[in-house]
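Here it is, the structure, as structure tokens.
We just call them A, B, C, D and E in the order they show up, numbering each chain from 1.
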Amino acid sequence: MVDGYNGLLTATVFLPAVGALVLLLLVKGDRNIRGFAVLIGVVDLVLSLLVFGFFDRSADAARFQFIDQFTWIPDVGLNANFLLAVDGLSAPLVALTGLLGMCALLASWHVKLRVKEYFVWLLLLQTAVMGVFTSMDLLLFFLFWELELVPMFMLISVWGSGRKEYSAMRFLIFTILGSAFMLVGIVAVFVTADVGTFNMIELSTEATMLTSAGLLIPLSGLFWLFFAGFAIKLPTWPVHTWLPDAHTDAPTAASVMLAGVLLKMGGYGLLRINVGMFPSQTDRFAWALMALGVISVLYGAVITMRQTDLKRLIAYSSISHMGLVLVGIASVGISDGVLTVTGLSGAAMQLFTHGTVTGLLFLCVGLVYEKTHTRYIPDLGGLAGRMPVVAVAMLIAGLASLGLPGLSGFVSELLVFLGAYTAYDWPTVLAVLGIVLAAGYILWMMERTFFGERRDRFANLTDASLVEAAPLVLMVVTIVGIGVWPSLLTDVFESGLNPMVDVLNGVINK
Amino acid sequence: MLFQDVVFWILTVMAIGAALGVVLVKDLFRAALLLVVVFMAVSGFFVLLNAEFLAVVQVLIYVGAIAILLIFAVMLTKDVQHGNQPNRLQIPSVVFASLLLVSLITVAVDTKWDFLPAEQQERVELVQTNAVTTLTGEALTESGVISPEEQAEVQGAGLADLLIGDYVLPFEAVSLLLLAALIGALVLVRPNPGTGRG
Amino acid sequence: MSVHDFYVISPYLAMAGAGLLVILLDLVLPKKSLLPYFAFAALAGPFVLSLIQFYDISESTNLLQGSGVFSTDEPSVLLGALSVDRFALFFNFLIIGATALVVLSSTDYVKNLERFQGEYFGLILFSATGMMLLAAATELITIYISLELTTLPLAALAAFLLNRQSTEAGMKFLIIGAISSALMLYGMALVFGFTGSTQLAEISTSIGQATGDMPFGSYALFIGIILMVAGFGFKLSAAPFQMWVPDVYEGAPTPVVAFLSVASKAAAFAVLLRVFFTGFFDVALDWGILIAGLAAASMVIGNLVAISQSNIRRLFGYSTIAHAGYILVGVAAGVKSGEGIFRAPEFAAIGPDSVLFYLAAYAASNLTAFIAITAISTKINSDQISDYAGLVTRAPVLSIIFALSLLALVGVPPTGIFIAKLYIFTAAVDSGLTWLALLGVINSAVSAYYYIRIIRIMFTQPAVSEEKITVSPAPWLALGLAGAAMVFLGIAPGFVMEAAQSAVRALAV
Amino acid sequence: MVSQAVIWSIFLLPLASFVLIALVVRPLLNRYSMISGFITIGALGTALGFSIWTLRSVALHHDLTFEPVKWLSVGNATIDMGLLVDPLTAVMLVVVTGVSLLVQIYSLGYMQGDPSFSRYYAYMSLFTASMLGLVLASNIVQLYVFWELVGVSSYLLIGFWHERPAAAAAAKKAFIITRIGDVGFLIAILYLFGRADDFAAIGLNAFHIPDIWQAAQPQAALGAVLGGAALTWLALGIFAGAMGKSGQFPLHAWLPDAMEGPTPVSALIHAATMVAAGVFLVARFFPVFEHSADAMTVVALVGAFTAIFAASMGLVMNDIKRVMAYSTVSQLGYMIAALGLGLYAPAIFHLVTHAAFKALLFLGAGSVNHATGTFDMRYMGGLRRHMPITYILVVVAGLALVGIVPLAGFWSKDEILLGAWNGTGLVDTWVNRVTFSALLAGVIVTAFYTVRMIILTFHGDFRGGIEKELEEKAQAAPAGAAGHGGVHLHESPFVMVLPMALLGIAAVTLGYLANPQWDEQLGIPKHWITGFLADGLGAARGLGGHSETLDFSFGMAVVSTVAALSGIGLAIGIYLKRRDQRAEPLEKLGSVYTLLSNKYYIDTLYEDVAVRKWFFRVIAGTLDWIDRNLVDGTVDLIGWFFRNIGTAIGRFQTGQVQAYATGIAFGVLAIILALLLA
Amino acid sequence: MSFEAFLIVSAVLFCIGLYGALARRNVLAVLMSIELMFNAVNVSLVAMSKYLTPAALQDDISTVLTGQVFAVFIITVAAAEIALGLGIVFAMYRTNESVDLTEATLMRH
């Protein structure tokens, strides 16, 4: 690896943290704090869009771009680098984080409690997530991975509602437990005799990849250690139970970030590390991923039906949708023939689209809750007449969530199904049933919440204000944009995933 | 050797009996006195083991200082009437102590100790018995240590030489330790306890 | 003793001298509040001397082997008793640093004492002398004396407040300490008897000849080493020798607890590494398993019991047990089972490396936490975690630093303990102790529960009082230094890591 | 020759109209919402013109293959967005744009004053655009995309008056049931992608519709990629989608409920166009279906069964729109059955004529509703005196539906019956017989309920309209119906009558003029539309030249007319002269009547038994319980265990120092033992 | 009067001391028991000194005194320990009015 320093990624990653510091030390007054935080959000969004926009997606471009590298811990004990870079897989996710971070900041406009602290945590969270998506050094990756916990924990436990402390603790313990397994995996990769590196780029290049020679832990063990960490984050059945609690009790912005980008870290990790570094094991255990994925999809969807709390409902639907990521990855398990990038690309797309869709859903629910002070579905109804903008946004998000063509959800689901079907036909068919269930719970939710007769007690509701509507519009534009012109994203994703597929094909046809 | 055996057995009975007394008798004052008996018996063992100097130190420090301190303490704490009550850990204590005893006896009996070769016995005995005396060349010659080098070696092997020689560091440290202990004890028996909390 | 010998032991002499000086100053100084600063300043002596020695020797040499500015051809009388090498000096710096911070953080605390402030600091410095010696000692008698020199002043300090809790703590510490030393002494006696020497180097030579088919090759070594482990285990606060820890932590003065949990523990690990790697390495495969077992037990017991604690110092007592467990993982990881028919143990330097690094990181983090606790509990007059509610409004910066230190103790990056844990688990996996590493990380996850509970209470619950908590400059300085070290070790661990490695090279057999 | 841009603009014009209304008119110019109507009508008018142009171009055999645009690349195939212009497309384009245009004009009157006027037109534009996109799609995924968009437009329009709970529920039901069918369609697509490598091997794209046709030809030079059982499953998967959209049994339950939408919506979507998309889909993939006798048999039987089954329910409905809805399902059954028997051209022909007369019927119903405020025929009656034009038009359309010479329905239905009787050899003879019998019986039933509907609505005495209904039901007026609340018996305004009249003309003439049976009429060749379509199909199979069409058969005409007349006679006999206008003579049928009026209890079966009880309560309930108690409970239990085991260990911490020393002793001995035993 | 006999006596004394240290309630009795243990160790050390071969006997005859030196240090430390111990006992007695260890359980669990 050539040392190099571009600086763009460093700026993108650390700008929110620096902003948080400045906010903490210099900015006074709630108005200024809000304004400053949003300003940081806008600038970071622009930076992240620059990363996405200037990412060279041509066929002969370098796989990893915008490399920022210097030695962090010298080659004395741990040999870790500060290494930021993006490839086609991470560039869109960086943009997603910028977008959702911005929306989360805007959605926090009405926070009244401990305003400064709130925005500091939110900005730190953004740095952490950005860091996860851009770190190409396992140690740095893990560092950002863990860094994300605290802001999230604080956001839920201070600004949340309901059993917020219980939920925050649950979120924390689950995630920390997951990362504990991952840490062992990272360590085991590092200590392997002829590796001695945390460099993810090297570890996912075929020539320098881990092989079964000289391993302390069998490759399958490593695979599952990493998987455990990512599966909890994703979350997949049966380690999903932290998610509904955390979502239900988190403040709007935290829910947006949690569903929008934090879960994506799990999927990203699966693609980047499990698929990228352990192709042979991914191939070997694809059936298990498929099984877990299908169970998550159906189980999550069925349970979603029963939910009466709007946020809980969306949370369970997230479980179902993130199951599709596993299904997409399971496309690796084709028994013969040539693996195509379709399924993996679908999984990556699902990360992005679910991020925007669920982010939007949570934004809408946040507005509903802010204005009606309830999320209990039987208490709601007939809101569409009172708050049409929110209703339309929610409907678009809902339709995208159930995979309506023309909106972003469809593309990812289609790719996932197409990819997975070539590997596992009947299980894929089962997963496809999930879209019927999705239609069921989304539309039923819409019916009970927004449609139906107007209620007198909602007579004084106001629709979203300009500030409130801005993030909604931003997200709707993204959702429709991706739905209409998905190649914008898939091309980038594929440029990142194709090298993995090449390696996988070597493994499969061995 | 018969005489020494007899002494050994007498001392053994004394030591063990008195030790049992220390831990079993109810009257703490008597326990303290029995402790003195143990100290004396141990001192006797030292004599049997060629460590006359140590025997003297034992008597001086243990009997002369430690036992006296303990007896004072027993009297000052006025807990004599409560005495030497056992606590509720009788059974585990007995079990653990006996198990440990079994282990230690196994160690004593079953270890392949590297015993001193017979030809060295005499020289070693000479060094050990006279650890604190300055031996004249004459006495050494009588004991069979003839060559000047050997004589010099034995003469340089006194306990005192060792304490300011090879063991000077622990020796200095132990003096610091005594100082620290004394300061500590002094502070702890001060009349006005600080009001600060933990 | 030659000039060179005095040069060799000069840091220890300086430390002890500093102690004496402070006690004497106490008698003449009119303004007692300056005493901590004098004590702090006096630490410059041992520090500078250690620094000189550090640059005077190179890696894997020993100041007694004729190197250094005052080198002579004459063999030193200290040879065999002491090894002033980078390993010892690493601990010198660690202990001096910890002592300095403890001294600084005590300034508010000792104002409660009307008299004997000098003795308070004097005892701390005496104990520190013992700890430094412990790290350098290579001979059983010296080890024993140093150990007692460490322990006895601490017992006096634990009882220093003379209230019920404090005296009880002191008494418990003394009695358990005495019983452990007795056990350890018996162990040392057996080892000495079997090997015919108290010098680790010679013990190491003799031990190779033990060829019995019981563990450690001989009953004497078997029981002897285990009894020594019991003695060290007391100092390490490793399970099952840990039960005194929470009580003493609860009762003793807070700065003393900080000192106990950081410096004393570091010294204990130093001597453990020294004895086991230099002296007992030939039977390392046997004690490797033993240490691994202790590590597992310590981690599990420490973390599980900590969960249900309501007193913060008690909680830290259990936490320190857990951390002893993590560090023991590193010790166990220092031994690799070799290849070939005889499967002789191989030295895996990364294990002790990680132990040293962990100790440094733990010292920084734990001291940060304890300085904060000292500052807080002095003011709110309570150790109940529930009384920490809403602290963030009463002392925002202090709360944030305290929270950071708690996160550091969980092992959240970017703090020193994260790198340290990573390092230790790396070592464990490298030595084939993956199960232990896995247990360790799961335990880390469990520990998050109780550490973060404190943060939650501080940050999310309403304050019981509006009164602000003020802290005087010296503890602030201490807090700042410790906190900075804690974060620095996480962000740029390379420097200390290299120091640790060079220290361990001195240890290498 | 028509250019690519023109064809694209047929689709893009309504889309642009949607975007314009949604983003400009609705948010900024809502006060002038009439603009929306004019925008839509303008766009559709142009689109209709372009469609006719396209039809002409196709009829003149211009080469209309265009290079598609790549939308998404997936593995070995690309998903393109392209144009597939063949006779089927051309005919459908005209039908869709034509009916849509008329309905939009009609809506100007019908929807006047509705607060969501712009929203209505936005949705309608979106629907039309989607439908046109579906018709034009050259790629199966593209087709699926618009297929779903059509579905969502339908959802939006059914639930247009979303403040009416019934409307919201019906919208949801429609979407979900059609989606169940779509799963089949999607799986078919997945299957095709699964074979993408095989397609690619012979230079085909697995998603490109003409390529799929080609791959399914067993005799094709390239060799059959698809074949055997796989082809049957593929066809059945596609057919599942068609069943959902076209309301074929057992996925028909949503269509009658969909009548909760505004009536013009029902006319356009749930009668003329969208529901016909299922027929279109089967027709589109006819070159695939025809190679699987099993699939064809299924299609034919499902269609035939639906035809008679739905018609039977139409017999007893009181809601005029529901009668028509069941009629629609039934007629779609005819088309599907025809396709199943291999009668490609007659099926589409029937689709075309049906679009005209059924749209007219619905618009008539809307007109009636405009006057009476209700859709319940029990509160109508005698309207022919007040609204003669509507009456006449509805009678014409009704008779066209029944199939009376020379109205449009006669010609197309007769083709189907004749073809069913003759057979095409694609399915076994017994299938032909069964289908024919069912369809013929269907004619009688159709005639009966049509006439019943006309009599109940227009004859006899007026029974009070919405006012009476509300009085009897004593319930609040449905919010959305408020605009049409009052009873004011008079003819509808011109904007409503005009489209109806135009459709009426079509309903009369279209059948014969589009497909002159004996010789060229008005420049239109003999058997023009069936021949045109059949040629298109031949081209799709890869064959050139002209294809066979069915010649008119007097025998069949007589048989069908007799059947129709018998149904009409029966209805007149029973209803026209009945004594009590409020009575329902069919109630005398007893349990049969109950069964029919409860729709064979199928809704109950679906909603109460399958969904509420089994799915929601049993399956979802169980899983929910498991999640809360087993999965979550396990987590809590582990947490509880760890908290309490800590406390338990803490119990050893008795505070007595010697207990701690004992702990040390115990530790030492335990280590000794452990090492000895190890 | 063999080496083993001394070791056994030492072991017995040690274990009696251990028993006393574990099972007595009075803190002074515990301190006495601990002294017993130290004495027992001393007996072993001195016996080893007499009977066993020091590793460096050939080089340095004075190594035969190592055990005795060790014992000297132990005796000294024991004295220091008792001094400090009694200091703590007095402090405890002043605050608790008791030297009973079973009563010194303010901090537990």
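We adopt the following convention: a residue touches a chain if its C-beta (ideal position, glycine included) is under 8 Å from a C-beta of that chain, and two chains touch if they have at least 3 such contacts.
Treat the numbers as computed from the prediction; the structure is a model and nothing was measured.
> Over the chains that touch one another, what is the least number of steps taking chain C to chain E?
When the steps are counted carefully, the minimum from chain C to chain E is 1.
> Based on the averaged CA atom positions, which chain is farthest from chain D?
For chain D, the chain whose C-alpha mean is farthest off is B.
> Per-chain C-alpha centres versus the global one: which chain is nearest?
A
> Per the centroid of Cα atoms for each chain, what is the distance between chain B and chain D, given in Å?
About 104 Å, centre to centre.
> Approximately how many whole Å separate the CA-defined centres of chain A and chain C?
Chain centres of chain A and chain C, defined by C-alpha means, are spaced 42 Å apart.
> Based only on mean CA positions, could you tell me how far chain B sits from chain E in angstrom?
Between these chains, centre-to-centre, one finds 8 Å.
> Using CA atom averages as chain centres, what separation in Å is found between chain A and chain B?
Each chain reduced to its C-alpha mean, chain A and chain B end up 71 Å apart.
> Of all residues in chain A, which are in touch with two or more distinct other chains?
173
> Which residues belonging to chain E are in contact with no fewer than two other chains?
Residues 14, 17-18, 21-24, 30-31, 52-53, 57, 69, 73, 77, 80-81, 84, 87-89, 91, 94-95, 101-102, 104-108.
> Hey, what residues on chain C touch two or more of the other chains?
Touching at least two other chains: 141, 144-145, 148, 152, 155-156, 159, 162-163, 165, 167, 169-172, 175, 179, 186, 190, 193, 196, 222-223, 246-247, 250-251, 446, 449.
> Could you list each pair of chains that touch, in label order?
Chains touch in the following pairs: A-C, A-D, B-C, B-D, B-E, C-D, C-E, D-E.
> Where on chain A is chain D touching in the complex?
Residues 170, 173, 237-238, 240-241, 299, 302-303, 305-306, 337-338, 340-342, 345, 382, 384-385, 399, 404-406, 410-411, 414-415, 417-419, 421-422, 425, 428-429, 432-433, 435-436, 439-440, 443-444, 446-447, 450-454, 486-487, 490, 494.
> Show me the residue ranges of chain D that touch chain E in the complex, using the header's touch definition.
Spelled out, the residues of chain D in touch with chain E are 650-651, 653-658, 661-662, 665.
> In the complex of these two chains, what residues of chain E are touching chain C?
Contacts found on chain E: 14, 17-18, 21, 27, 30-31, 34, 37-38, 40-41, 44-45, 48, 52-57, 63, 66-67, 69-70, 73-74, 77, 80-81, 84-85, 87-89, 91-92, 94-96, 101, 104-108.
> Under the stated contact criterion, what part of chain C meets chain B in this complex?
1, 9, 16, 23, 77-78, 80-82, 109-110, 112-116, 119-120, 122-123, 126-127, 129-130, 133, 139, 141-142, 144-146, 148-149, 152-153, 155-157, 159-163, 165-167, 169-170, 186, 190, 193-194, 196, 212, 218-220, 222-224, 250-254, 313, 377-378, 381, 383
> Touching residues of chain A toward chain C in the complex: what are they?
72-74, 76-78, 139, 142-144, 146-147, 149-150, 153-154, 157-158, 164-165, 168-169, 172-173, 176-177, 179-181, 183-184, 186-188, 190-191, 216-217
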